[in-house]
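The next part holds the structures, each set out as structure tokens.
In the two complexes below, subunit A is the common chain; its partner is subunit B in one and subunit C in the other.
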Partner chain A sequence: MSNVSSSSFGRGSQIILNVYLVIFFAYMFLPLILMVAAGFNEFDTPSVTTWKGFTWKWFGVLAQDDRMWSGLVNSILIAVGVIIVSMPLGLAGAFLITRLQSRYNGLLYGIMVSPLLTPGIILGISTLIFWREGGVSGGLFTAAVAQATYISSYTMLMFMARLKRQDVTLEEAALDLGASHTQVFRRITMPFLKPTILTAAVIAFLQSFENYNTTIFAIGGSHTLVTEIGSRMRFGLSPAVNVIGIIFVFLTITFATIYVIFREREKKRVSALMG
Partner chain B sequence: MNSLRSSFGPVLSLVIMGLVGVWVVGMIIGPQLIMVEQSLWNKEIGGEAAQISTRIDRLYNEVDTLAFDKSDAEALDESTDRTEKIAAITAEIDTRKSTITELEATEVKPIKVYSFRNYTLMGASHFFIFLKTIAAAVAVTVIAFVVCYPIAFAVAKVATPGKAAMIMLFLIIPYSINELLRIFAWLMILDNNGVANLILGWFGFESIPFLGSGSGVFIAMVYAYILFMVFPIYNTVETLDGSQIEAARDMGASTWQIHRKIVIPHAKPGIAVGCIMTFMLSAGSFAVPNIMTRGIAEPWFTQLIYNKFFESSNWNTGSAYAFTLVIACIVFIFMMMRFFGVGIKDIAK
Partner chain C sequence: MRGMDIELKDVSIRFGDFTAVYPTNLKVNAGEFFSILGPSGCGKTTILRMVSGFSNPTSGEILIGGQSMAGIGPDKRPTALIFQSLALFPLMTVRENVAFGLEMRGMARGPRNDKAQELLDLVALGDQGEKIPDELSGGQRQRVAIARALAVEPAVLLLDEPLSALDLKLRQHMRSELRDIQRKTGVTFIYITHDQGEALTMSDRIAVMKAGVIEQVGTTDQVYNEPSTAFAATFVGANNMFKGKITKTSKGEAEIETKYGLLRGTNPQNLSTGSEAILFVRPEKTLVLSGKEKAENTIDVTYERRDLEGAFVNLHFQREDNKFTVHQTNVDLKSFDKGDQCTIGFDARAAMILPDGELADE
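For the complex of A and B:
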């Protein structure tokens, strides 16, 4: 859609807006910069107010931390489990909503997106209680199931967005020409969904890996990288936590930049196609 | 059902229905229902049964002590005295054990009693914490809207494409940095010898105990969830045709009128989604209070729920508290849908 030409905005409001943006982004980034800085401080609690000199030593301390490593392994195990569960569930949900013509569609859709509107801790608690009734106590399994409950909603929305752009006549033509349903599904539907499958898997992995509120309630006595960071922040404070922050910030900036560049390219391509 | 079968055939249709069934029933509705059911009962044991179970407990303790005596006796030197002692103790243990089996046969299992007691017994102090949590979540939502609306509008309609992409990148970076790290950054700022108190000190002010007073929770909450308001509003404002704004301006509408009459009505679904997400994340956040109170300030509602489950292990009351939070969120969602006049289809896009 077209932008408002800058001429329709006075210079005055243009300046106010710019000042506002600068203040807002200072508010967004200064705390993160402080957190990163404290990871390089020689002082042995996270601080920037007491500066004892620059050091890399907290990276070494973190690398020696066994609980962090085991947390990382658990996080990856859970995330893989979440992908395995949420891809077929999201796909099935998307097929059902886009193809089923029924008056219960609205209700079904409402139920399937409701986990996104439910507080994370509730998903953790209800999953924990549900599985305890079946004799399974809290652990990596319940954490993965609880996360998959809402991550499936994400993958479903992504598949739905893709399916809406699908040309259904292609499938119909193939069926008319004598292809079986399985052939159509394997040869037409799935190849069409392929790019989304990859992005959905990445999103599912990241959502799972980053999750705290749902996981902490469902994981029982075990821990993930993020729940471990959470308990470190609360109790034994060491700048090793800031080093994790530095790594996360670095990775986030890299991926966000790549994402925005791709997004801009896609936009340009679309607008070029549309003339 | 037929429409599904005509596109996928009978086998795939069944697989799809089965998977959706597992998700909807086994992961969404089932667990919620069990949680609600659990919130509606308590285990109770009658007076006489309680006495019996205390007697059984006492007998078990005696058996344990006797077992210690026995092992002491066994450590003695070989003598007739020793064998007699052991025999006497073994006899005593045996009589107690038989009494235990007798009593256990008559012992009544605690019975489930259904009532609303878990809800009504919340008590004034916990109910006040609930209200405080909800009020804080509403305040975070309002602040987030006021701060983020201009940003969303700027990216969608005012900035040149290059600048918009830049602002977008600057929004996505803090948005995707882990929640805990965003909170932790503010823990360092608001700590007693943190940056905020250092700056206050420069100006000669007394230091403020942000963490102990609970205000730290609110400040970090605003920071942690504010960006969840930007993207939904941006997505809807972006679809507004810019020429509508220019036409209004040409006809002499003020900036205020343009936003009130054109932009905001168009962005309603996005604003509703932003408000629902921000409220839900704030009201249901365990991360922020858990880190920012450091166990010294008054707990927040989510912490009360956590304690019911994992410290006093009273899952029934815990479930009641958890469901109270769910009800608050449902009420808020319906209020937003009413207020902005949007349906569930508009919300979940």
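For the complex of A and C:
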């Protein structure tokens, strides 16, 4: 392999490639490393240049922070709500576009993905105003509804990608063998969609969890973890926020590793089956 | 005999401005192996989809077993369709595939698995029930599709070019197997194909279709030996062709004036003197004449080459731009060199004169 690359690229381009990789990884990971390091610094402003010694105390400070905890709970509640709304909406939209061969398909598609192109602030404000007219003031409910408007477009795109790959004759074959439309959906279409249902739910959760600009306008007096962190920016940062970062980096690495191990096993199992 | 008859009464279908099938009348008998033969895009699959209930005719009526199928969906018709892609359910085992139709009818697991096993035995896959379709070979998948369709005990089995994805050997094997299954079960088969060999070897009767119109319906012998149009003649089997104008008719025969002189042939449609016509003669009825052999019609040609197919050989001749083929069995062959001057010929009884018309593409 290395022979091939050194012969097809010259020595000069090999060096350029290596330099590029170093810069790329530094750009990606240096801020993360600094953030992690500052979370263990005794100094009470996030910094690595002013090192006052190693400490775990910011973990303790965070654990005592009730607004952060309630924010986390709110974030999870909203994300669950978003999943409940955006999964069926996205699936329905995807069915409509992939199966209904209408000449308005292009228009329909445009309308359904337009929330992705609309600034998040506008989604948040418009949802708030709409529901306030109906007597519902800003809160977790409006935040979830506002987020779902654009996250439904994401789930729809994912379901569409999957449905487009399905052989429609499978559904026809099931119908021909006497299955009703409900039976076709349950026995043929749903099993086919299963992997996408899982990934779409994960994406919807993450999109919801990290959302700031839609939520901040729709949530009224309440707060999520992300809006809470945002609002504290105004009074200067505390290393406790870095600790949140550290926890997420840790969780990400853990889940990514589990996922890779799981996938490798699945691959081996499939190749053993096929072999 | 559990097959049912199918009748198309003035059935046509249009998609926007495009007429896929012009008003068609067709009767398929109960328990018959019936093929619809035609080039791709001629509307044969559309007919199949109308019979199975996936498309609705723009006009006319389809009857199965004497009952009108108007307003009856594919899940309620006594038909089962075998798709060109087979459409086996990839996430189910072979047994679950075969038992699917029974499951949908609410049959309990025990009886439906017994029935599935019976059908898998019928198609010689008795020990493959636990595999998933992807683990089977093309021919095996083919047989699973047949078993799955037969499991719901259809009166009519509709097959949409199911052999087209298989290699030649397997295709020939599956032909006789399909024929066997059809005889054993007595189900009416409607078989769609663009392969004349398939249609001729398996069918009781054939419909030759072109551009949304059925040109001829007949037994395999009728379609091959007595084609009714220039298209049917050229789509089913090979021909040597001579275009010209009829100069004389007498007692079922006619004489046609061609570039290479006057030729005589049968005149099955009683064409009158002066009509534009084509004389067709099959390569196996065309002879290479040496000194003592004689034929009513003769043409001087130049030898080009031969194609040895094993049991038989096709000899190719040429005159100007026209190519001629003589089909001989591989017994006591004479050999020729390229450029040899030869004479080919045929008797009037062996040739047919049909009205000039569109030919099938080579």
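We take it that the second predicted complex is superposed on the first by the 244 of 275 C-alpha atoms of A that agree within 3 Å, B and C clash if a C-alpha of one lies under 4 Å from a C-alpha of the other, contacts with A are read in each partner's own complex, and residues count from 1 in each chain.
The rule is simple: a residue touches a chain if its C-beta (ideal position, glycine included) is under 8 Å from a C-beta of that chain, and two chains touch if they have at least 3 such contacts.
Because the structure is a prediction, the values reported are computed rather than measured.
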Original post:
Would subunit B and subunit C fit next to each other on subunit A once aligned, or clash?
Top reply: fit
**OP:** For A:Ile122, select first, second, both or neither according to whether it touches subunit B, subunit C, the two together, or no partner.
**Re:** first
**OP:** Give one of first, second, both or neither to describe whether A:Ile197 is in contact with subunit B, with subunit C, with both, or with none.
**Re:** neither
Subject >> Computed vertex angle (subunit A) for partners subunit B and subunit C, CA, steps of 10° >> reply: 120
**OP:** Considering only the touch criterion stated at the top, classify A:Met28 as touching first (subunit B), second (subunit C), both, or neither.
**Re:** first
Original post:
Given the superposition on chain A, which partner contacts more residues in subunit A: subunit B or subunit C?
Top reply: B
**OP:** Could you tell me if A:Val136 is touching subunit B, subunit C, both of them or neither one (first, second, both, neither)?
**Re:** neither
Original post:
Does the superposition put A:Ser180 against subunit B (first), subunit C (second), both, or neither?
Top reply: both
**OP:** Mind working out whether A:Ile76 is in touch with subunit B, subunit C, both or neither, as first, second, both or neither?
**Re:** neither
Original post:
Where does A:Ile84 make contact in the superposed view: on subunit B (first), on subunit C (second), on both, or on neither?
Top reply: neither
Original post:
Measuring by CA atoms in the overlay, how small does the subunit B-subunit C distance get, in Å?
Top reply: 8
Subject >> On subunit A, positions contacted by subunit B and by subunit C >> reply: 180
Original post:
What part of subunit A is in contact with subunit C in the complex they form?
Top reply: 167, 169-170, 172-180, 183, 187-188, 191-192, 273-274
Subject >> subunit A partner contacts - residues on subunit B that touch it in the complex >> reply: 1, 3-4, 7-9, 11-12, 15-17, 19-20, 22-24, 27-32, 34-35, 38, 147, 150-151, 154, 157-161, 165, 167-174, 176-189, 193-195, 198, 223, 227, 238-243, 245-246, 249, 255, 276, 280-281, 283-287, 290-291, 294-295, 302, 305-306, 309, 315, 318-319, 322, 325-326, 329, 333, 344-345, 347-349
Subject >> Residue ranges of subunit C touching subunit A (in the complex, touch as defined) >> reply: 52-54, 73-76, 79-81, 83, 85, 87, 89-91, 100-101, 104-105, 134-135, 148-149, 151-152
Subject >> Residue ranges of subunit A touching subunit B (in the complex, touch as defined) >> reply: 1-6, 8-9, 13-14, 17, 20-21, 24-25, 27-29, 31-32, 34-35, 38, 46-50, 88-89, 92-93, 95-96, 99-102, 106, 108-123, 125-130, 133, 145, 148-149, 152, 157, 168, 171, 180-182, 185, 210, 212-213, 216-217, 226, 229-230, 233-234, 241-242, 244-245, 248-249, 252-253, 255-257, 259-260, 263-264
